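Going in written order, the chains are labelled A, B and C, and every chain counts its residues from 1.
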Amino acid sequence: MNKPKQFWTLLKFLTTINPTIWIMPLAFGVPFYLPLLTSSISKTYHPGFMDLFMNQNLFFVVMFGSIVLAPERFQFGASTLTASYSGTEFILTRAIDRPVLYRAKAAALYFLVLLLPCLAIATALNNPDLIVSEYSKTVQQECLAQVSGSVLLPAPKNRQPSLISIPRGNILVAEWQLGVYLITALLLQVLILILYPFKYARFAFWALFFGLIFIPVLYDIYGPSNFSTNAHLFFAFAAHQVLFWIIFAAAFVLAQLWCERRFDRLEQ
Amino acid sequence: MYFLNPSSGVPLYVQLQQQLQQRILAGQFNHGDQLPSVRDFSAELGINPLTIAKVYQILEREGFVETRRGLGTYVSHQSPALKIEARRRQIGPALDQLVAEAMHLGLGEKEIQALLSDKFRQFKPKTVKPNPHE
Amino acid sequence: MNDAPIIVQNVTRSFEGPPVVKDLSFAVKPGSIYGFLGRNGSGKTTTLRMLAGLIKPHAGEVRIMGNDPFTIGANERQWLGYMSEKAVIPAYIKVGSVLKLGRDLYQTWDSALAEAMLAKYDLSPRKRFMALSQGNQRLLGFIMAIAPRPKVLLLDEPAANLDVVARREILDDILELIRDCGCTVLLSTHILSDVERVADEIGILAKGNLRVSEPLDSLKDSIRQVRFFGFKNGAPNGDIPESFRTVRGKDELTLTLRTSSLTTPETLAQRWSCQQETRALSLEDIFVELSRS
């Protein structure tokens, strides 16, 4: 069977395995795009850099990954049940090419994970300009230096200037989120496939899941500086957008190739 | 109807072979009658076609049937001498068992002969014996 | 036997602990049905999963039509049918969709056969997999394995969870397939009467090793249980031929052994100056004797 046809057949098959998963992104993404919506409604609310990147909800990338890529290995529950409901053994023993099956799984994962960032970009196009509230002078300097077109808005009398206007800022932030989710999805795939053969893979994996929920939050709140790493990276992205997109694309291709090859050699 | 017991210690092919042989000897098939094809017979009995093929091979070797390529398997003409010889061979295993059992129980030849005569008298009215001169 | 469709050669495989399958070797001739028997935990499913390409042997090799089943792609898998021991089709998928998947993936998919089997086993295309009874779930797995008209068919406990009538039906389906396409079948099962009906070769697996691997007819013809008794010179102590099972009683000795031209119950009885009583064994008897020893 030719590969494109096989790909679509397998993708269709994968969608039937767990029908409820396809509406989950919308449910989980509410905190994700809500601020963008509300900022277009309320003219007086200006988020800080911390706020912009706090609600990334990267843990649901991990969750989707475990369901789509390898439920038989990384979901909890009686292993017999999981085996039956995931359909992995069934599909692997049909007339398929494993790399194509993996491509279908990855495509499903990208759809689930990148749907929201794409929606956020679409929303941002309606309301592109961003005004950020930032009190730290160092951060202000860095932002003005890296993000082209950003200006410090004049403050009312006797007040420190604290508002930075970034034209097309919302679009930039949404694009950055897309990149972050993409890289997370790539890293997740690589991690799942590396861990797959090991006995305690499941536990290691879910420890990571909880780590991803709590550690960034704790670091940002109690960490050494009150300046989130994510914002640093965001500025770098803003300053070197083309370079970053090249890196994202290269990482995508390399990760995808590596994952397909690895999947082809994994035992059930 | 063929009575095949897959769970018996006797292999299926032996069971089928003996039953077919018995029917041929008893005159249930006429010379030239066609036996079912391997395929059809296997479907009818629900057993492996290789078993049927094996049985046909053995019957052909013993002279009961002949296979005509592309046409099928047919009951072959049995000369009277061959028939008697075959029937005698057919009853061989039953006789082996009878004699072994008799020796085991300590019954002598004369006693067994007497018992056999009784049995023949008992069974006679009901059986239709094939004509020994056929 | 390098051109046999199914070859297992010196295969060893362990999970955590001692090997589940140890230096296992056998081959299945083209067009034959090989009955693979063994108790739970004897290594049957592991062997079948290696042949299906789900796991790899730790030592030795397995070959399906000359290829390593772990590395074959869609083209070679067109000819390989596999039915798992468990019901492995996803829960929410409809019966009709599963069949459509088969139609899309396999060039040789026989739609008429699939439809006929659905009707025969009374499976509705609109039902979801999880709504089917356990027996019907496995029947669907069977249909998926057999409808592409494979050249090699691997069945892991095909008759488990099925009622008597369904069991007979699938045996008929298997026989039909080999009659029509010369398919080679390897089936593992507990239900020995099914095997006796259709298998031409038998392999009995015990503790990861094959105790027996030969045609069923020769197995039944040669294995006998013989009771020796009435020893004139006492029961023999040494000089007992190799047997599957030896039971000593009060002045009697029962051997489950393979007879040959040299070793027959009569010659042994003569050698030991005793009487003998011989019994032919059904496959179930043979299996139990072998598994106990």
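Simple rule for what comes next: a residue touches a chain if its C-beta (ideal position, glycine included) is under 8 Å from a C-beta of that chain, and two chains touch if they have at least 3 such contacts.
Because the structure is a prediction, the values reported are computed rather than measured.
For the criterion of most C-beta pairs in contact, the winning chain pair is A-C. In terms of Cα centroid distance from the overall Cα mean, chain C ranks first. The distance from the centre of chain A to the centre of chain B, each centre being the mean of the chain's C-alpha atoms, comes to 79 Å. Averaged C-alpha coordinates give centres for chain A and chain C that are 49 Å from one another.
Centre to centre, using the average C-alpha position, chain B and chain C are separated by 31 Å.
Across the complex, chain C is touched by residues 1, 5-6, 9, 13, 16-19, 80, 83-90, 92-98, 100, 199, 267-268 of chain A. Residues 31-33, 168, 171-172, 175-176, 178-179, 192-193, 196-200, 216-217, 220-221, 275, 277, 279-285 of chain C are the ones touching chain B in the complex. By the touch rule above, chain B contacts chain C in their complex via residues 6-14, 39, 42-43, 46-51, 54, 104.
Put simply, chain C touches chain A in their complex at residues 16, 49, 52-56, 70, 73-75, 77-78, 80, 82, 84, 86-94, 97, 101-102, 104-107, 141, 144, 148.
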